[in-house]
Amino acid sequence: MGKTEQKMIANGKRLDGRGPLDLREIEMKVGVIPNANGSSYVRFGKTAVIAGVYGPRPLFPRFLRESDTGILKVRYNMIPFSVDDRKRPGPSRRETEISKVIRMAFEGNLFLKNYPQTGVNLYLEVIEADGSTRVTSINAASLALADAGVPMRDFVVGLSGGKIDGTLILDLNGLEDNNSDADMPMAVLPTKKEVTLLQMDGRMNPEELKDLIKHVIDASGAIYEKQAEALRKKYIE
Amino acid sequence: MGKTEQKMIANGKRLDGRGPLDLREIEMKVGVIPNANGSSYVRFGKTAVIAGVYGPRPLFPRFLRESDTGILKVRYNMIPFSVDDRKRPGPSRRETEISKVIRMAFEGNLFLKNYPQTGVNLYLEVIEADGSTRVTSINAASLALADAGVPMRDFVVGLSGGKIDGTLILDLNGLEDNNSDADMPMAVLPTKKEVTLLQMDGRMNPEELKDLIKHVIDASGAIYEKQAEALRKKYIE
Amino acid sequence: MGKTEQKMIANGKRLDGRGPLDLREIEMKVGVIPNANGSSYVRFGKTAVIAGVYGPRPLFPRFLRESDTGILKVRYNMIPFSVDDRKRPGPSRRETEISKVIRMAFEGNLFLKNYPQTGVNLYLEVIEADGSTRVTSINAASLALADAGVPMRDFVVGLSGGKIDGTLILDLNGLEDNNSDADMPMAVLPTKKEVTLLQMDGRMNPEELKDLIKHVIDASGAIYEKQAEALRKKYIE
Amino acid sequence: MRKNYILDLLKNDERLDGRKLDEYREIEIEVNPVSKAEGSARVRIGKTDVIIGTKMDFGTPFPDTPNEGTIKSEAEFMPIASEDFESGPPGEDAIELARVVDRAIRESQCLDLKSLCITPGEKVWSISLDTIILNHDGNLIDAATIGAMVALLNSKIPELEDDKIVRDKHSGKLPVSSKAVNVTVCKFEDKFILDPTREEEEVFDTKMCIGVRDDGKVVSIQKMGPGSLKDSEIYDMIDIAIKKSKNLFKLVGKDGKKDI
Amino acid sequence: MRKNYILDLLKNDERLDGRKLDEYREIEIEVNPVSKAEGSARVRIGKTDVIIGTKMDFGTPFPDTPNEGTIKSEAEFMPIASEDFESGPPGEDAIELARVVDRAIRESQCLDLKSLCITPGEKVWSISLDTIILNHDGNLIDAATIGAMVALLNSKIPELEDDKIVRDKHSGKLPVSSKAVNVTVCKFEDKFILDPTREEEEVFDTKMCIGVRDDGKVVSIQKMGPGSLKDSEIYDMIDIAIKKSKNLFKLVGKDGKKDI
Amino acid sequence: MRKNYILDLLKNDERLDGRKLDEYREIEIEVNPVSKAEGSARVRIGKTDVIIGTKMDFGTPFPDTPNEGTIKSEAEFMPIASEDFESGPPGEDAIELARVVDRAIRESQCLDLKSLCITPGEKVWSISLDTIILNHDGNLIDAATIGAMVALLNSKIPELEDDKIVRDKHSGKLPVSSKAVNVTVCKFEDKFILDPTREEEEVFDTKMCIGVRDDGKVVSIQKMGPGSLKDSEIYDMIDIAIKKSKNLFKLVGKDGKKDI
């Protein structure tokens, strides 16, 4: 899915029929990997991610246990057939960077100091990629950590904003991502309205950039509700 | 040596003049690597393998010694100029798999539980490859382990069976391997007549498959004799 | 810079105007990497090397400390844009070999036995390569080790000799290196007049080879003076 | 202790989860769950959960088969699937799984590789078959082979425009003429079981993974585990596998729909 | 203790080295110190010392941009630069640095990649931008981005003769039409600082690295560190970065001369 | 203690195995033991046992020598050969050995690389020279260089049919016009020995590996080990190597037959 000459917004509607600030269909499910301590499945449109959490558990090998804080490890991975051209197994530079920024989006939100000598391993498997994979992963991570019973100060919501054909939009799909003027994945603590991940690529005036940040933060509440609902559903069942 | 249009069996004889169940010329020698605790050279036709055994010796690093059983490591390796197109150094996927199945062919046959915290390293170097390299390696391994004095329940004999031009054959050479309807390397405990390695590639009816397995087991006795003779020879000298 | 048809010596002068035994312009500076325990910058013509020394410091991980001698590690590395065609990051086979011979040029010259369980790490970064990079590195290493206060029996001087158009020369530049009949990097202990590194590539009669070795040893004194001056300069400042 | 309990049950031909010795857990097949793949399948056997996909790209043919496309099979035992799996390049178990799946597919000759030639000797379609383990509860090879078969049966060939791959159009389906499955038969003393859970795999540690084609031919075998097998036991295991394969072939219908 | 001292000073808007909160250390730029590179720059900010170079080689264009040259950015955190760096392939910090530098350059669209096409769809110029850390005393990304910009502005394109690269002749300069820098704004409680030393980076561990183009547009952002940021804080940080970028652009003159 | 015993003997110019200081162990050369190789040799010097082979494949020439074939030398110190060797990519000792062997061959200009050009600038023969250590008992480089020389002298060039390599036919022998060997001279105090065993190598840890061509020219030198050498010692070592090389050249006859 490369660049296209097509107009991306016509009559106020995006190519898939959404309004600029509309999100795609969202599906969230908890407890999908029986072996994991916590797990989830999150889908935004065709972008689908499975998250699994193992831990907290004692660190191994032992010499790692000198650390006076718990350790969060994050692996963001795209499976080979999740994208148009097969992705080779093994972490790419892009995946290594995304694993790091996702770790940063959660590290301050967990009480890792309370778990010295233990590790929490968070695995994010992108099953299908149609834009906004890292923010979809963040939602999956938030649910899987909650499902595993890892204490968090707040949920973490992921959502991307962008600018396309001069219009600010939310939740970019793959085609939009490739044709946008700007693309901005964010992670938001929905209660405190604080930001733990923010990346931006593109060209924006400071004012529209600030507007876009505001749009993303405002929309995070609705996603937070869906996370809470997915968790409730599991524990009712 | 690719596929050929040629008939592989004519007038009941194979291209190299053998009858269907004839083996190639076999050479076996013990004690060829002075530094190793046990070693051997085995040749079936042009396929030649050198085996070396180091151990049993204490495991290193120390944390490996927690294991309550001895550990057998196997490395099956083809040297770069053992094949038509140079084989790059470093283990290929094929070599990794073969190393595993050879380990499985021996693991149950050694008294590893009696050697906690020790390791036995078995190195198999294919010097020249003209078909049936893994079973040639098994014969070499059996001799090298015996030469090293590693106690075994039984010898282990390697021999390949196959089907070609509708005929069941033994001890495939490289050209036959590439043109066979089926190829089946096996490892046999010659005294107990039990099988510790069996792989098959091809297309066979269950009945002919069972016949072929029987042929291989039956022929294993003769190879066992050659192993015993090679060992005797060393200790007489 | 490949081979050329050009005469490399005309009217007793080399292409860059030097006489056969002349050295290029030499620049030496000490203390260029603030974080390192010792460091230096050495330039011969356009060939420039930065050296940094960390240590002596306790070895890590602890199990390495079983050694009853200090350990010198050397990494000779060319930065990607130091050469005509970009050099990929990561050690090439050439760099691995050079790291070893440079280590050998220093190991016997340090009092490593007096520092059990400690390590000295010597990093040599070739910033620009125009011939004689390993001997330039040796001069940089000598200065950086002295700057770090690592006790040495003697300084170590690096200088290359060669033969080109039938003439013996010193301090080959890149073009000369590619067009020489022989190229010989050497490391010399300038006080004892002993050799700790000697490599040669080319074709030489034993007599001219011995002459060339003598030329290099004789010229090492002048470089030694420059090393001493560079160190004095730092400590006067 | 758990092991002893499994063995005690076995004396009465019983299993922990109440199954008969030759009974599979429930099998659930999802066809083309990943639309970016040329074809894909998700297969659950009990709690075992795998996802398999195909991708097609340009490749060069092997020198000795210049007119044939190529297929390669890889597997990842991702750490999400089990606390025993680690990140990093495939270990020997993942490599073995990928190769055993590959062998059943390849030796069954189910795929017409000649039809995947673009320019003889130069350019062919190269199929990548990737197996991803999402949750490991035993019997991975049987699950992966079913998934590979369903993914192949449901793969579409991307269109070529001006020598370029256009992935959102298709020039047809992958030509698959027969089906193959692997049936893994596990042995302990004189008992054979099928479809072991992870717990059972530790007890029944000697097994034969038998590839069967839908015409009843055996196309591949891999003896696994450290034990030894008598000839009569091998014969029994082959018969068990061929018999059971018929049930599995019903699941792997040409349309790939789950019908169990 | 050192940390506490830094925080105590901070209460009075003071820093260890006497700088104001938004003040950079002295910046020293050396243009084309490495003549083998197509272009190069050495940038020192205080004790931080980096060297950046470009090399141009033949490459193949990406399928979706067949008429454009390519640029790739890599970074090595060489062990000479810090006792914390280790030999080996780039770790996550080196990869992040290279990608953040790359993003500011790429998204600013400062480089006319179309002019780097040799044969459409087949052969283009591929630019390698390598960042080498010689001494690490904080604020690596700002230093590396300045260096990248200066190296690009001063890169010469090698000549082509008979389809071969002749490196000692040049067919012109790399066409660079605008400039971009990264300004990293660090935060602790309600204080923001610029150009942190390595010591300060451990205290001010939440930051935003903001890429700004010389027309005042923001071209890239990377939030770093484990902390969280209020929207108003983010807005302030953006404003600080844009404001400070103007000073940096003065350094990165088109002729690359240092004028501070 | 063993070390001291070696040194005590040395005072009387004696060695553990009774050899004279400049005496080699028995050398046994097997020509073309591996028929799959284009050429091969097995060389035993005492208990040291190495096997060297050549393979020829298509390659691209180096840009500065577009009309010449290429040769590359690799070595593996396989764990079968010594309890000190480990599996994995070649370490610095294996790399050094391969490069020192390569240098003697390359610098002797014994091989007419121009005759290995197929299409100038595009396609040439690329020779891979692989050294495999089967048993390590010292003096590996001398053994490997003899083996490389014998393997090259006995290599046949595969035939080309329709631009494809046909390995079972040959278009002639590799054109080798001269011979080179390495003679490693080891030093302890004022004593020099040749052909050290592994035990002796630990004592005589400073050495020069001297490549000599059959016309008596020195073509390569590698000083090894941590010690230092006086100029007069170096001169002596060169003379010893040249003298001894004559004996070795007798072994490496053009027909590669062993004649000692």
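Each chain carries a letter (A, B, C, D, E and F) given by its place in the written order, and its residues are counted from 1.
Everything that follows uses one rule, which is that contacts are C-beta pairs under 8 Å (C-beta built on N, C-alpha and C of every residue); 3 or more make two chains touch, one makes a residue touch a chain.
This structure is a prediction, so every number in the text was calculated from the model and none was measured.
The fewest steps needed to get from chain E to chain F, moving only between touching chains, is 2. Following the contact convention of this document, no chain is adjacent to both chain C and chain F. By residue number, more than half of the contact pairs of C-F reappear in one of the listed pairs B-F, A-E or A-D, namely A-E. The most distant chain from chain F is A, comparing centres defined as mean Cα coordinates. Centre-to-centre, using mean CA coordinates, chain A is 51 Å away from chain B.
Here the CA centre of chain C is 32 Å from the CA centre of chain E.
Put simply, the C-alpha centre of chain D and that of chain F have 48 angstrom between them. For chain E, residues touching at least two other chains, in rising order: 63, 90. In chain A, no residue touches at least two other chains. A ring topology is adopted by the chain contact network, closed into one cycle in which each chain touches exactly two others. Moving round the ring of chains, first from chain C across to chain F, one meets them in the order C, F, B, D, A, E.
Against chain A, in their complex, chain E makes its touches with residues 63-65, 90, 92-93, 95-96, 98-99, 103, 107-109, 206, 208, 213, 216-231, 234-235, 238-239, 242. In the complex of the two chains, the chain A residues touching chain E come out as 2-3, 93-94, 96-97, 99-101, 104, 107-109, 178, 184, 189, 192-206, 209-210, 213-214, 217.
Residues 33-38, 40, 47, 49, 51, 53-55, 57, 74, 76, 78-83, 87, 89-90, 128, 130, 132, 134-137, 167 of chain E are the ones that touch chain C when the two sit in their complex. Interface residues of chain A facing chain D in the complex, by the touch rule stated above, are 33-36, 39, 46, 48, 50-52, 54, 57, 75, 77, 79-86, 89-90, 121, 123, 125, 127-130.
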